[in-house]
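What follows are several structures.
Next come two complexes, and both contain subunit A; in the first it sits with subunit B, in the second with subunit C.
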Partner chain A sequence: MKPAIDYLLHLADNALVLGQRNAEWCGHGPILEEDIALSNVSLDLIGQARLLYQLVASLKGGNCTEDRLAYFRDTHEFRNYTLLELPHHGPLSGYAQSSMDYGTTIVRNFLYSALMALLWEALEKSANADLAAIAGKSLKEVRYHLRHSRDWLVRLGDGTDESHARVQAALDHLFPYTQEFWAQSPAEAQAIAAGIGVDVTTLQADWDAIVDAALAEATLVRPPVGGYVTEGKQGIHSEHLGFLLAEMQSLARAHPNGSW
Partner chain B sequence: MYTQSFNVPDGAGKTVPLAPSTEDPALQAAFDARIDADGRIEPQDWMPEAYRKTLVRQISQHAHSEIVGMLPEGNWISRAPSLKRKAILIAKVQDEGGHGLYLYSAAETLGTSRDQMLEGLHSGRAKYSSIFNYPTLTWADVGVIGWLVDGAAIMNQVPLCRCSYGPYARAMVRVCKEESFHQRQGYEALLVMMQGTAEQREMVQDAVNRWWWKCLAMFGPPDADSPNSAQGMRWGIKRVSNDELRQKFVDATVPQARVLGVTLPDPDLKWNEERQHYDYGQIDWNEFWETVNGNGPCNKERLATRVKAHNEGQWVRDAALAYAEKQKARSIKEAA
Partner chain C sequence: MTAPIEAAWAALEELTDPEIPVISLRELGILRDVRQGADGLEVVITPTYSGCPAMGQIEDDVKSTLANAGIAARVVTQLAPAWTTDWMSEEGKAKLHAYGIAPPHQTPAGSNVVRFIARPARAETVPCPLCGSANTVESSHFGSTACKALYKCLDCQEPFDYFKPY
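Presenting the complex of A and B:
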């Protein structure tokens, strides 16, 4: 049960943290249609997170709920990829402020959706029937997210000089974080051994193909990777997650006995 | 959400002249006959210029209200206290964006582009519903906005489903369905909070205290002071007077407040057996006009936020356009 819980939390935290980030565009998008599209993506992700947390809560039993898991765990207990918690702009320290950059948003959604389109498909065969069912539902959603982000990646990459430069910069910033996808954590290893999880490294060649085809169409250059490999899925995060959670959890924690 | 039920003249408060006297008399007669027969005017039909202008102004004000209205509630998305409420709120704010889209499209059928309308908003010339110039200070504001602001908007907008201009009327049918869903969700969120802790109940009462009078003002000035209403009624753009709508809203809301367990902050609010309606106290029109005219607590913030999003999104729109042009050029080349 323990391997399932850690693995499910990893999947759930990914969805929640990226859903929270994408919702930051609600009301501020570059065009009204994109406000609506990103809200859709965000709603799908939060919906996925809820199903996964509910599954964890049922495995844990007691008085655990989806909201206990989302609102009352601290930074080091979150198991999401570091990539997903970063703000929508270039590299800056945790408490530095900057305007949101749509290129960063699109690149991140593309890199993550390309992975999840493969991972959810593989997880449809998970030994955990509940997870397999969630994977089936999520797969339909992520295929739309991938199409949406890929279309914009190509438009921005092959749009104007400015958009090309911005989206290439976003790619250079974010691409090294994808190394974390392929660095297996103990929780993943246990979940794979139990037949619940999928070995992501088996998906890497397909992911490369999706990414390379899109980058070629977008006239973008795949950045070299190397150096520090982030460990968000093991609870070691960037400075940014603390701020994201402080905001997200503030009201729920101010009223721990509240009913909403 | 949320047309202002009356026409606020855009710009410096000058009323657009309404007399259609210079138009072709035969076309005018046919138009009048259609209006008198309660028929629909469609985009391809002839219409007096003043009718067209009034509609563009009203529909674009309404569209602007939808998108500015995303901001006060959007303010609480990141802090929503449960995942269920977060999802409901994102979906609601997204619906409002969708309403903005339908309404801009409806206004475009009258020959004004979305860019032109947005330019009006961003320059400060075009108005939007004043209710969004107040801050959302606690989570309870989200519920109260759903219950009262969407509730007031429904009162205003249901008659617009019978508006004489076809595209506007049809957009309103769709909008009204979603607004009544928002209203029920807002009310339900408050019901749950009222069953929670004492602090939560206080939070709800405080939000009701802050929003109640502003919602009553949403219906616009008393009928005696609404110069544009008569022409709007004649044209079948406005169907029910401001005071009638306001009364309807008060009558519907008092029993809901009782079930919820909150007090509406008006000592003069009481049932009038003779009128078979609730009497209510004096609305502070001075504060209302100050806010309409740009001097409310959040006018500058709301507008600047819209302008910022638009300006910072320029490179994205430029890229999409440039890419579309490149694609077009490529397909022509391929065909050749």
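Presenting the complex of A and C:
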């Protein structure tokens, strides 16, 4: 049961943290259609997170609930990829709110959706029937997320000089974080051994094909990778996750067990 | 079918989607089954999109409708097989069309991710539900709800929703 729980939390935290980040555009989108699109993507992601947290809560038993998992765990207990918690701007851009960059949002969503489109498809064969069922639903959703972010990647990359430069800068900034996808964590190794999880390195060639085709169409250059490999999925996070959780969790913590 | 099962189907027939009030939960394929379980009658529903805010409302509607009809039944939420727009009945699709929403195409069978993205242009033609023209263009992948995309008709110039294949 332990391997399943750690692995399910990794998948759930990915969905919740990206869902929360994308939702920061709600009411601030560059155009109305994109405001609505990102909000819808967030709803899907938060819905996926809920299904996974409900499953974890049922495995843990006792008084564990989906809300307890989302709102009452701290930074080091979250198992999401570091990529997903970063703010919507490059490394030296000042305040998150004042310098939200849509190119960064699009690149992040594209890199993650390309992975999840492959991973959810593979997880439909998980030995855990509940996870397989959630994967089947999530696959249908992530395909639309991927199509959306890919179209915008091409539109911005093959757009004006300004949009091209910004989306290339976002790609240069974010791409090294994708190294974490392929560095297996102990929790992933256990889940794979139990038949619950999927070895993502078996998906890497397909991911490369999706990414390279999109980058070529978008006239963008694939940045080299190297350097520090982040370990968010092992609970070692950047300084940004704490601020994200503070905003997301403060209401539930101020009014524990509140309902409305 | 036994009498209680028929009574439950009949009572639930009046329930419509909270956001598309012309189509019933049965026609949408959300209401999957009414069956005799080990502990009594079970009503099986399947959620649409994971984050669809209407699902909570739908479950409440099902429970209160059963209670008002004096039918004791448990509501079972079933994830697999995942809900698909292919379950939508033909009469349901016709009602969507009459309501101004282009009904979903058949989902592409066994298409892999790369092919899904490549998107064959012909298969994606969505006729305008208002004037019937095939000369339409997608303005946004996501419309007022996650299940719909926003289209525009280039002949009659009207915007309209397309219920996406899922």
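Simple rule for what comes next: the second predicted complex is superposed on the first by the 251 of 260 C-alpha atoms of A that agree within 3 Å, B and C clash if a C-alpha of one lies under 4 Å from a C-alpha of the other, contacts with A are read in each partner's own complex, and residues count from 1 in each chain.
As a convention for this text, a residue touches a chain if its C-beta (ideal position, glycine included) is under 8 Å from a C-beta of that chain, and two chains touch if they have at least 3 such contacts.
Keep in mind the model is a prediction, meaning the values are calculated, not measured.
Once chain A of one complex is fitted onto chain A of the other, the partner contacts of A:Gln184 are absent, as it touches neither subunit B nor subunit C. Once the two complexes are overlaid on the shared chain, A:Glu33 sits against subunit B and subunit C alike.
When both complexes are overlaid on chain A, the residue A:Ile210 reaches subunit C alone and has no touch with subunit B. In the superposition on chain A, contact of A:Leu51 is made with subunit C only, not with subunit B.
Look at A:Gln234: by the touch rule set out above, it reaches neither subunit B nor subunit C. Of the two partner chains placed by superposition, only subunit B is touched by A:Ser250; subunit C is not.
In the superposed model, A:Glu141 lies in contact with subunit C only, and not with subunit B.
Shared contact residues on subunit A (touching subunit B in one structure, subunit C in the other): 33-34, 36, 40, 42-43, 46-47, 50.
Note for the complex: subunit C touches subunit A at residues 47, 49-53, 79-84, 112-114, 116-117, 119, 139-146, 150, 164, 166. Put simply, subunit B touches subunit A in their complex at residues 67, 70-71, 74, 77-87, 90-91, 93-94, 97-98, 100-101, 104, 139, 189, 192-193, 195-197, 199-200, 305, 308-309, 312-323, 326. The touching residues of subunit A, counted against subunit B in their complex, run 16, 20, 23-24, 26-36, 39-40, 42-43, 46-47, 49-50, 53, 66-67, 70-71, 99-100, 102, 154-156, 158-160, 162-163, 166, 247-248, 250-252, 255, 257-260. By the touch criterion given at the top, residues 33-34, 36-37, 40-48, 50-51, 117-118, 121, 129-130, 132-134, 136-138, 140-141, 143-144, 146-148, 150-151, 206, 209-210, 213 of subunit A touch subunit C in their complex.
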